[in-house]
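See structure below.
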């Protein structure tokens, strides 16, 4: 029944198409992995080299589609909130059954691994001897199960939607009184959470600047970047959203995307996601500087990517601080 | 970065000129592509606008409708139920309604008959929707005769036509006075079709409904929000069914696009060969072809979408008329309120542009890997 | 830039019944700033050899050094990179793209470099002037005579200022007067410091005084080498 909703049809179709494209690319990749011989000038080797163009194209498109489907997934959840009793926004719709949140997290996971793969692929294409070809295709084979799981989870999510079940929306899910991970995140003491938020912010930006200046130790930036990402998401639920809604108990991470709050969610999430994807890419790119054919490229792109990532992280932290600062909500008596 | 951007600009310039050089082929593709977008967009815009309209209409309707059930079927409700409800906290207004359907054998159509307020319509006057007026060739001042339940014929003078802005819902509407309604349908005083209650605070609706079901166990309350929810899902799956029906054409389009992208003429093949020989890389050719796809997709999307917009909002979705006429004889000549949203656009994109892109990836790659030394052989 | 070939072989349709070796072991050097001509019947492998030197295709085995860079094992992407900056090509059938103007045809090889448009136009116009084609700049290439088309092809070969110019059977579609003129242009190119590699079985080319060295090929091997 729900599968006949056009947006859901589109989402399922996109996931299926992405899966097919990934399978096709993986099939070619396996052939490349088995028969690759860069020193040979044989026609077979030439054919394989030409095939790498197809694999890259397929994957770049697949990952772009995946990104679009992440956005559509959230939009759609938002728009379906009218069809479920108790759902006021995307949170309620994601809560309709057990598969909603895992699907969302997997989509995010595929987005980040896709970003890393594209960075690695770009890097490999700059080396005249295809130095990373085995690693990048192995990474591709590792991403494939993620994409397939995502397709299955999403299908389970949409087929098990029952409009008669009363779902719980952001009001109950993110209230400190109830149980579960979401409630625990909301129940985290805002004062310690904001300290953690500030701390990871300072750490990630300084590590980014350090990597950008030194051009080394990208893994540190990637590690701190992903930590900062998780802490930032938790902080949005725990206290930033409160200031945006100017309501001491409204912890929803989606309602900030609505027009009523000046779409401030987009200015928070978009820089945060871009910055994290770039930080991860820096981490994936920088360990290969020892390979002589890649050294010049790495020396030029690691600082460049790091600076852009730092910029977006800074933008995120500025917007977050700004929305707390300008808020009319005073939590003085409530928290400390 | 600057070099990269300039390069993209040169590739776009080149692909534009090569599209223009092959006008016939490009226009053919563009026409089919726009057609697909047009069909999908018409369906989406139309059903979204209907849903929107229905939502607006329901906005004005009361929060709760109370129907009496008899053996599981809807029955007339006695007026004294209004007294039995008494004073409920939060209920702002309560009233009885009279309405029903009248089958007119002359045009083989059902009219929806509703009663206006007591004072509004004199006993012998009626107000009709423009759909009825068209079907029967009537105008203000003309007479319309209805046969009552017990065979008597009543003539009514038409005092006004309903505003055609709301024609979508009012085409088949006929308004008369409550007394006339009781005479035509032979309904005794003291009975209503249903009762309506308006509740000030939406949060109190559930409480009121709970009390109602205790007070009047033989009634069924219908909530406006529930109706809205049903409308939402009904409209979206109707649209879904149409999309499924259109899948065939989308698939045909995919094959067409694949064929166009892989069936290059000898001249085009030679052109790619020359480009590669003079120093274009495989990736450059692929990028050039990517821009070609983007230009075609964007143009087709724009043309198709604008045409659909005009079709739905200015031409009353006239292409759907034969389909919808099966459902209603009195097809409304309505004008919908234009209504566009992002989710709708994204969905359309996924159903038209994405299949095109996917269909052309492999053909484009095959074209682009042409041997650069081919032109020398 | 010296070109050194060591034991170059090239096979087509490898592993299939119609497998054939177009080049069967060629070792040869080309000095910079000289005009060399590969001579031989069609099928002798001279075009294949030129396309390997010109980075259009990769040898099946053997080693090609361009200056101090090994190009024989570079992937296509980098071969193209080298080719763009080092080689200019003049093809037997001119290979101009119909429908485009003379100017656009000349600028084609420069598009992937992403140079500023003003710079592109300026160098294209300068070349057109040098080859007496300024008046034809905006004409479609279909309107050109054979000699003009050839000169446009030369302009196109020179747009990225290559060090080495490769011409494959350049006079096959020209009458003897135009062939003679063409060799004059080749001479001018050499004066301006270019290295030139030609293939031909036209005596107007290989017997020309302009040519410094004639290499005769047959069945994929070098028969004689007279410089």
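Read from first to last, the chains carry the letters A, B and C; within each, the first residue is number 1.
What we mean here is this: contacts are C-beta pairs under 8 Å (C-beta built on N, C-alpha and C of every residue); 3 or more make two chains touch, one makes a residue touch a chain.
Not measured: the values here are computed from a predicted model.
S.K.: Compute the centre of every chain as the mean of its C-alpha atoms, then state which one is farthest from the centre of subunit B.
M.R.: Relative to subunit B, the chain whose C-alpha centre sits farthest away is C.
S.K.: Going by the touch criterion at the top, tell me which pair is linked by more C-beta contacts: B-C or A-C.
M.R.: Higher contact count goes to B-C.
S.K.: Where the CA atoms of subunit A average out and where those of subunit B average out, how many Å apart are those spots?
M.R.: 35
S.K.: Can you give the whole-Å distance between the Cα centres of subunit B and subunit C?
M.R.: About 63 Å, centre to centre.
S.K.: What whole-Å value do you get for the distance between subunit A and subunit C if each is reduced to the mean of its CA atoms?
M.R.: Spacing between the chain centres: roughly 50 Å.
S.K.: Give the residues of subunit B touching no fewer than two other chains, as numbers and ranges.
M.R.: Within subunit B, residues 282-283 contact more than one other chain.
S.K.: Do you know which subunit A residues sit against two or more other chains?
M.R.: 50
S.K.: Could you check subunit C for residues that touch two or more other chains and list them?
M.R.: 76-77
S.K.: In their complex, what parts of subunit C are in touch with subunit B?
M.R.: The contact residues of subunit C facing subunit B are 47-48, 50-51, 56-57, 76-77, 80-81, 83-84, 89, 91-93, 95-100, 104, 108-109, 111-117, 156, 160, 168.
S.K.: Under the touch definition given earlier, write down the residues of subunit A that touch subunit B in their complex.
M.R.: On the subunit A side, the touching residues are 1, 3-11, 13-14, 17, 21, 50, 53-54, 57-58, 61, 65, 68, 71-72, 75-76, 78-79, 82-85, 163.
S.K.: Of all residues in subunit B, which touch subunit C in the complex?
M.R.: 2-7, 10-11, 14, 17-18, 21, 267, 270-271, 274-275, 277-284, 371-373, 375-377
S.K.: So in the complex, which bits of subunit C are touching subunit A?
M.R.: Within the complex, subunit C touches subunit A at residues 11-15, 58-61, 72-78.
S.K.: Quick one: in the complex, what on subunit B touches subunit A?
M.R.: Residues of subunit B touching subunit A: 44, 228-229, 232-233, 236-237, 239-241, 243-244, 282-283, 286, 341-343, 346-347, 349-351, 354, 357-358, 361-362, 364-365, 368-369.
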